[in-house]
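Some structures are shown below for you to check.
Both complexes shown next keep subunit A, but they swap its partner, so subunit B is in the first and subunit C is in the second.
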Partner chain A sequence: MALDIPKTRYTGSIKQVKLGGGDKAVTIGGETAYPFYLFEGQMPNLPKIAMEVYDSPPQDWAEAALEPFAGVTGDPVAWAKKCIDDYGAEMICLQLASTDPNGADRGADEAAALVKKLADAISVPLIVWGTANHEKDTEVFRTVAEVCQGKRLVIGPVEEGDHKKIGAAALGYKHTVSASTPIDINLAKQLNILLGNLGIPDDMLVMDPTVSGIGYGIEYCYSVMERMRMAALTQQDERLQFPIICNIAKEVWKTKEVKIPESEDPKMGDIKKRGILTEAMSAAVLLLAGADVLVMRHPEAIRLVREILAEMTAA
Partner chain B sequence: MTILIGENLNIMSKTLGPAMKERNPGPVQAMARAEAEAGIDYIDLNIGPARKAGDELMQWVVKTVQEVTDTPLSLDTTNLVAMEAGLKVAANKPLMNSISLQPDRLERGLELTRQYNANVIGLLWGAEGMPRDANERCALAVDFVYRANQMGIPNESIWIDPIATPVSVEINQVKACFEFMSMLQDIAPGCKSTVGLSNISNGTPAHLRPFLNRTFLIMLMRYGLHSAIADAFDPELKHIASGNRPEMVEVVHRVMDGAAVSLGSLNEEQIRHVKTARVLTGESLYSHSWLEV
Partner chain C sequence: MTEAEKIKVHFKPDNVEIVVDRGENLLEAAIAAGVRIYASCGGSGTCGTCKVTLEKGEVETTRTNKVSDEEFSQGVRQACQSRVLSDLTVYVPVESRLEKAVISRERERVSESLATGWRFRPPLTKYFIELPPPTMKDNTSDLSRLLRGLKKRYSLSNMSVEFSVVRKLAKALRDGDWKVTVTTLVTAAQPGAKGRHEPKLINVEPGDTRGRHYSLAFDIGTTTVCGQLLDLNRGRVIADAIEFNQQISFGQDVISRIAYCQKPGGLEKLQQAVLNSINTVIDELLKKKKVNIEDIGHLMLAGNTTMTQILFGLDPVHIRMAPYTPVANFFPPVRASSLGINVAEHVHIFAFPAVSSYVGGDISSGVVGAGIYQRPELTLFLDIGTNGEIVIGNSEWLATASCSAGPAFEGGGIKHGMVATIGAIEGFRIDPSTWEPSVTTIGGAKPRGISGSGLINIIAALLRAGAISQNGKFNPDLPTERIRPGTDGYEYVLCRAPETQTGKDIVLTEVDIDNLMRAKGAIYAGCQTLTTSVGIRSTAEFNQVIIAGAFGSHLDIDASITIGLLPDLPREKFIFIGNGSLLGARMTSFSTDLLDDARRVAQMMTNFELSDSVDFMNNYVAALFLPHTHAAEFPTITKELSRLQKQRARQGG
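Showing the complex of A and B:
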């Protein structure tokens, strides 16, 4: 008797979203099955990796994370070009860390000028990430959206508390919105509904479920993302059928585990390898949970993740 | 018919809390009267953990309320000294709200139930906390009823509370609550039941909470829910509890049966019930805009 392999019954698919413009534009989403269930459906667009660039020289990074970018961390354009030319970045994520009102509090105009300069200098899609301070992000993104009209940026985090104003700016100047919610599937669905009500088209919306690295609750992130995909693919929940973006690098690299020198705690092992592997493994977990875009930092971690991707999808 | 226990006489209230502390009878009696007039079957007297002089407070609240109404009372405190003080002065067979299965509480609590011939809510909260699914609820219910019976308390005096949790937190817990309710009469024939109805809508925007509470009540009633601790001032709940909303019950039952319900032929209120039932069965995922999508 022939064996019937049970198959998941899918009733929905993830929407496709095109990021950026021109011939370096990237399309994400479109999955018709659970992540890497290629025996049950398709992943027409493999997950993409965006490399991080900071708007000001990082102060407290682990040596291992700084090393690959020696000489360019003071110049976001040079940094981005290095990511693209030397490390094959398919996208850039500019972290507007210096706009933080509790930090350097750089103004909106200055931030927007930098975003524009960077957007003009590169042709891959550009993600611009704020500080999650609602007032400041609103101010910054309204200016950024206007100054960078036509650049088809991805802007985030857009949260319930600032979605109206940032959403309206994104809508007006045709940028894609990254909807952020704090590891909660119900709130994620709600924000997507609200952004839809605001008029954001489905192909201009991606979701950021908020993620953390290994050792810091990644299993909760996994579980929420997994449930998002179950609702989207098997329960026809069309307000969750959006690609997922995971801003994982900064979560991994801020932990004490990647920063403690081996001399202080020998059992932690080689500090460089430790940081790279933590980033790569955290990213791999998120891929399995359904990530469509990973924001990553270390070129070696990225190489490892690309290897995993290639092996997972080999015919 | 489901009995309603009014939840509104609560020490957490901004007016009633201070009134209880100052022993000012006015606001407490006004609330008790209002609940009685709303047709509530029991008035819950929630004095909180009442660690300091809880016994005096409970006696005062019971006496104060009994001066204006003879509606039976539900004595709501985790302080067993306060509970006993209330039982001593409560006129009609009162309801103890509640006794959990934590070892230090179960024996002493049931002893009071027996001694004062009271009704008791058996809260399915075990030594390890919240039950994770329907089976753990069953195990806890069996333990509770067994121990109560051993002490001579009949099933008719036991009101099992399976613990309802917010729909926005974990839908599987809501489903487990239904599943358990469907088994209760097999486990403990004649046992009664109750549920903190408003828990289901905790975390939901205030103006939308009644819609979840109402549909949840209809769904639980299908499993024979004996009583619910609920908002005394949502008249719709009273109508549902009294069996006056058959046209709503019918559509909710259809959703529970997995039938395809087309919204086209339904009125606005029925549509709200259908959408809510779809959320509470887990068929669609909850969001604050569940009624709009």
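Showing the complex of A and C:
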């Protein structure tokens, strides 16, 4: 007698979202089954990796993370080009760290000019990430959205406290919104509903569940993302059927474990390898949980993740 | 030791004066003087409802952020945070006052008692008997003569006798010329126990007093004490009375009351407060019908576990601490007069049995009164107040849970919230084109604040009009001055200062909406969690929803479903029974069958603890949205809201 392998009954699929424009545009989402359950459904668009670029030279990065970008960290455009040309970045994520009112507090106009300059210089999709300060992000993104009209940026984080104003700006100038909530399935869904009520079309919305790296609660992130996919794919939960973006690089590289030198704690092992592997392994876990876009930093970690992706999807 | 200096405190506008020791707390002084001040936090300084204005004299006060600089300079102080230093004149403003008269408002669509199939056979019975006088041939004792006569005439046997009866017996028999009326009482039989009830002989009176046969039914609520005078000959309620539970000045919810009991003398003070309320209600009931106090034979009461324990003088401390144990679920009958209730010595109290610390006799009483345990149909029973009590089940099984909703439904934690008395805004409409409100108040008085049900009506209407979004935040871009920035985020002006009793604007703030969302979220998540815990797929499977409680009876069903407090079921499935606790107390006063059922029902209920349930937390976060994160839970509301939104978009564009 033939063995009948049980199959999950899927009743929904993830919406497809096109990021950027032109021939380097990227489409994400569209899954009809759980991540990598290729025996049950399709993943028409493989998860994509966006490489991080900062708007000002990073001050507290681990040596290992700075090394691949030596000479370009002072110039975001050169940095982005290096990512694309040398490391094959499919997308760029510009972190507007210097707009932080508790830091350099760079003004909205200056930030917008930089975003415009970078967007003009590259053809891959551009994600622009703020500081999660509601007032400042609102000010910055209103200007960015207007100045970069037609660039089809991805703007984030858009949170409950600033979703109306940033959402309206994104809607007006046709940018995609990254809805950010503190790792909770209900809060994520609520923000998606609110953005929908605001008029953001479904193909202009991605969600950022707020993730962490290995050793900092990634199990919890995994289980929340897993539940989001279960709700979206098997429980007809339409307001959760959006691609997921995971901002993992800064979570991994800020931890004590990737920064502490081997001389201080010999059992931690080689510092460079340690940082790369932590980033790659964290990213791999999130892929399995359902990430559609990973924001990553180290080229070697990215190479490893691409290898995993290729093996997981090999016919 | 020198005697403490005496200080005179004069309270306006009551114009009463009290002499206290220097350093006495001003709130305690007010309570002692009989001035009723609203203090929802129980005197911890956190609620800011007990503000008074100093007109003359000096206090030492601990300032909190509840008093603004402007208020402070005008002499406004929190009574609970102030100690009197010199002779004082204090003005108690209208918003800090607890109205003397609570109005008892009955809903029109209240269904009377839903329990069926019971016989009219009160546990308290009077028998008239004529005995042969003793002779030299038959000189058996008075008591034996009485018992022999009762056995012969009424087949009463196996009776136990209260000693107080023996004490009165000789005189009563002779005063009545061997014609006396005796009173017997049965208590609830043990579930499953075979055999008959064993009546207890509790009173004997000379002559025939059967025509004067009364008892009392009480609901001892955290906020109010409701009593009914019952005529046991006719099986009818002949008078109703209601009073605030005087404990309210010591804190609004059970937790603050339990906390107060931990202060020295606290338990005694709270016990005395509720006894005063009960005695006031009894006085009023008797006066209304000119009934003599000696003709009251029994007192049936139902209250939550904390209220019952405080009334009996039992420290409720363990109710509050894990693993949350009550002293007893089934209390043996107690003599009412021994506690200080003004009734005759023979009157016993029967307190409705409780299920757990947070599912009390008020709930088992409601379940008995509503007859849920008698029918095969699946029923959801909800008693909504500071605590949401939930019962689901049918004649086969009953499951209960309790969730803390916080004081929002009774006006606590709401900037201009108040209990539902005269002047509380209850009705609300908004013009969808101008955003102008029209409000109606209880009693038609000038607005003074917002009642709990008013709050629900207001938020539902604002949501439907698109003035607030589904996360409870105002839309500040609307072309109206009614929505403005305030100290707690944006706010909506319901009434402008000249239209109000307080002379200040009455507003609804985003923080108020948040507090209401938490309260309704807790209730709905409680229902949902209990429903799925017993293996029912969704709230849609209920055949009937019974809403009990004073707050519940003034709920607008549509508004309550709109904000996601009640499940989205066909509206005809909802039934109001008013005060379920009082209903059960009354019905068991009429029927020994139901009295037996009460004990059985309390034991039949399985309590589910929600406080440590992961599902509950999850459902709770999902319910913190208007009406709910999962649109499928509220299909008709979702459809209606999106219809209204489209309509607005059409008109706007």
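Note that the second predicted complex is superposed on the first by the 315 of 315 C-alpha atoms of A that agree within 3 Å, B and C clash if a C-alpha of one lies under 4 Å from a C-alpha of the other, contacts with A are read in each partner's own complex, and residues count from 1 in each chain.
Following the convention adopted for this analysis, a residue touches a chain if its C-beta (ideal position, glycine included) is under 8 Å from a C-beta of that chain, and two chains touch if they have at least 3 such contacts.
Just so it is clear, the structure is predicted and the values come from calculations on it, not from any experiment.
Undergrad: With the two structures overlaid on subunit A, would subunit B and subunit C clash, or do they fit side by side?
TA: Result for subunit B and subunit C: clash.
Undergrad: Quick one: classify A:T32 as touching subunit B (first), subunit C (second), both or neither.
TA: A:T32 contacts neither subunit B nor subunit C.
Undergrad: Considering only touches as defined above, state whether A:Q16 meets subunit B (first), subunit C (second), both or neither.
TA: A:Q16 contacts neither subunit B nor subunit C.
Undergrad: Could you name the one stretch of subunit C listed in 184-192, 238-246, 418-426 or 472-480 that collides with subunit B in the superposition?
TA: In the superposed model, subunit C runs into subunit B at 238-246.
Undergrad: Could you pull out which residues of subunit A sit against subunit B in one structure and against subunit C in the other?
TA: Of subunit A, residues 185-187, 189-190, 193-194, 237, 239 contact subunit B in one complex and subunit C in the other.
Undergrad: So in the complex, which bits of subunit B are touching subunit A?
TA: Those in contact with subunit A are residues 168, 283-289, 292-293.
Undergrad: Along subunit A, where are the residues that touch subunit C in the complex?
TA: For this pair, the touching residues of subunit A are 160, 184-187, 189-190, 193-194, 197, 236-237, 239.
Undergrad: So in the complex, which bits of subunit C are touching subunit A?
TA: Touching subunit A: residues 469-471, 618, 621-622, 624-625, 629-632, 645 of subunit C.
Undergrad: What does subunit A use to touch subunit B in their complex?
TA: 185-187, 189-190, 193-194, 231, 235, 237, 239-240
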